[in-house]
């Protein structure tokens, strides 16, 4: 089967809406199809990777552990926009997985290289 | 009046709208809006400006869900859902800025 | 105190329905009354009995039905919004009823506070 | 029956979402219940009153005429925030009905006076 | 050229489904092929046959069914998203089918372009 | 790359995100995003900045629906749905900024 470059652009905070959770489901399936998968976290999407999320009091499933499991599916290309982190007072240490931090220009250049860009 | 804001200040303009139009009373940040009340966040200055005319609260369960409970800025009070109910009851009217 | 609740978004996609539910439960725990929960716009999608979420997730629809059962709460789905979105008696979950927008206005008049949850 | 002050706060552009249309439906019913009805148009909500909307090419019902009909239901309190108009390059002449233009402070003061505020 | 289409929002509430439909029709008019339309998130709500919009409004659901009929387009509803939101075979509109997310990935691979419509 | 934006620049930050990250190619404004391309609008300056690196298009049916067809700023090209299809076909890839 053809291999294409798929990028998932995550721009929304988790738990306020379902996009982050359902994005993860597509990411896992795309990897199962042996495609070249990248995840980009920009704007409020960077909060999806924040350590220490506890959803007990909102009685919603905590899907943070799934980001930790991505590695096991050979999904290792996680990119975070530097400017988005900074605007939110976050640093790499606040994130629950290893990521590559890129400046806006580099993130944009990476997007241009993709065959398929899905934004959730 | 109790003003309820539920969206991230970096995703929607409701906090700005409230800053322009809000008069007095209190603001409760719920859902993604709680992100505004975290240390180092670009909207923290706006929140401080809001505090000069209103009391500011943030819903603790939503802070916890987003992993930012330990970063609440000074002057913002965390409340649980019971506190949310009390805030609505204590104010003569309320408005959700959707 | 008597609360009216307005829910403008469907289940799962946005947090609105979750927040509204948790608010209602907390209000009841404080001894307040929930006069009515009115579902408008995509909020009508909270009333489909066909929903079947994953086992490790909450069932938003049945949670509303159960709350209504236990506390005798009036769950009203706007008929015009529901027809647009395919919510009818045949797929309506228990303890919801379909009625007109007048029921929303009535809650606004009769409840001490009307609290809106949306996107 | 009790008469309460109902305000409908319209903050969203028309046609991109259904809120403006469904807001109008509640407004008409509220007037039918003989309540004190006010409409506030702020932020992108001011576009709901823009003259000259033509929805033929998007094949969607044009509900602009309903704003013109409000008068016939004795709904006459239409308020528009001045700052919202200005930020969008609009003036009162661009609007299809007579409105009262208020500055932000006055609009906020009016909101405070309401018994029930519905935001769509 | 072969287009894949992804629709992330339900009918009426957001313009996404309208925009996607008009895009498909224009693409077909230009002689392109629509490889598949995949409905995800609240987009699954486009597939309920119970919808009954006012007579002076468009029927978003039947419009999709008809387009699929006339141009043999594959309309796929994500099964997991559909179960959460109460879309099942019993209320599925004609010419839609329920399947897995693999169908979305496959369209991403096989189509020349994948265009997303959402909120 | 064709960048598709569908939200009002005074309601969502996607135009700002594109200004930061966008490299080249074209931008198509659809749905409420077309409001950005109107004379006197607060976002018009941002759009002009964008034009220094990308071509900017706006979907005419959406301009008409919002009554702003006659206010399109210079340098923005109106296209119909057929033109939307052509833009997608002409660019090697596309991205909807949701």
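Labels A, B, C, D, E and F are assigned to the chains in the order they are written; within every chain, residues are numbered from 1.
In the analysis below, contacts are C-beta pairs under 8 Å (C-beta built on N, C-alpha and C of every residue); 3 or more make two chains touch, one makes a residue touch a chain.
Just so it is clear, the structure is predicted and the values come from calculations on it, not from any experiment.
With steps allowed only between chains in touch, the distance from subunit C over to subunit E comes to 1. Between A-E and A-B, more C-beta contact pairs join the chains of A-B. Once the centre of each chain is set as its mean CA position, subunit A and subunit C turn out to be 32 Å apart.
The mean-CA centres of subunit B and subunit D are about 26 angstrom from one another, to the nearest whole unit.
Put simply, the C-alpha centre of subunit B and that of subunit E have 38 angstrom between them. Residues of subunit F in contact with two or more other chains: 6, 10-11, 13, 31-32, 61, 80, 93-94, 96, 98. Multi-chain contact residues, meaning those touching two or more other chains, occur in subunit C at positions 8, 12-13, 15, 22, 41, 54, 57, 80, 114, 116, 118.
Residues of subunit D in contact with at least two other chains: 15-16, 18, 43, 58, 60, 115-116, 119-120.
If each chain is drawn as a node and touching chains are joined, the picture fits none of the line, ring, star or complete shapes.
All chain pairs in contact, by the document's touch criterion: A-B, A-C, A-E, A-F, B-C, B-D, B-F, C-D, C-E, D-E, D-F, E-F.
Of all residues in subunit E, only 10-13, 41-42, 45, 48-54, 57, 61, 80, 83-88, 90-91 touch subunit C in the complex they form.
On subunit A, the positions that touch subunit B within their shared complex are 12-16, 43-44, 47, 50-58, 60, 64, 87-90. On subunit E, the positions that touch subunit A within their shared complex are 6, 8, 40-41, 80-81, 100-102, 104-106, 108-110, 114, 116, 118. Against subunit C, the residues of subunit A that register as touching in their complex are 15-18, 58-61.
Chain contact summary for the complex, subunit B toward subunit D: residues 1, 13-14, 17, 20-25, 93-98.
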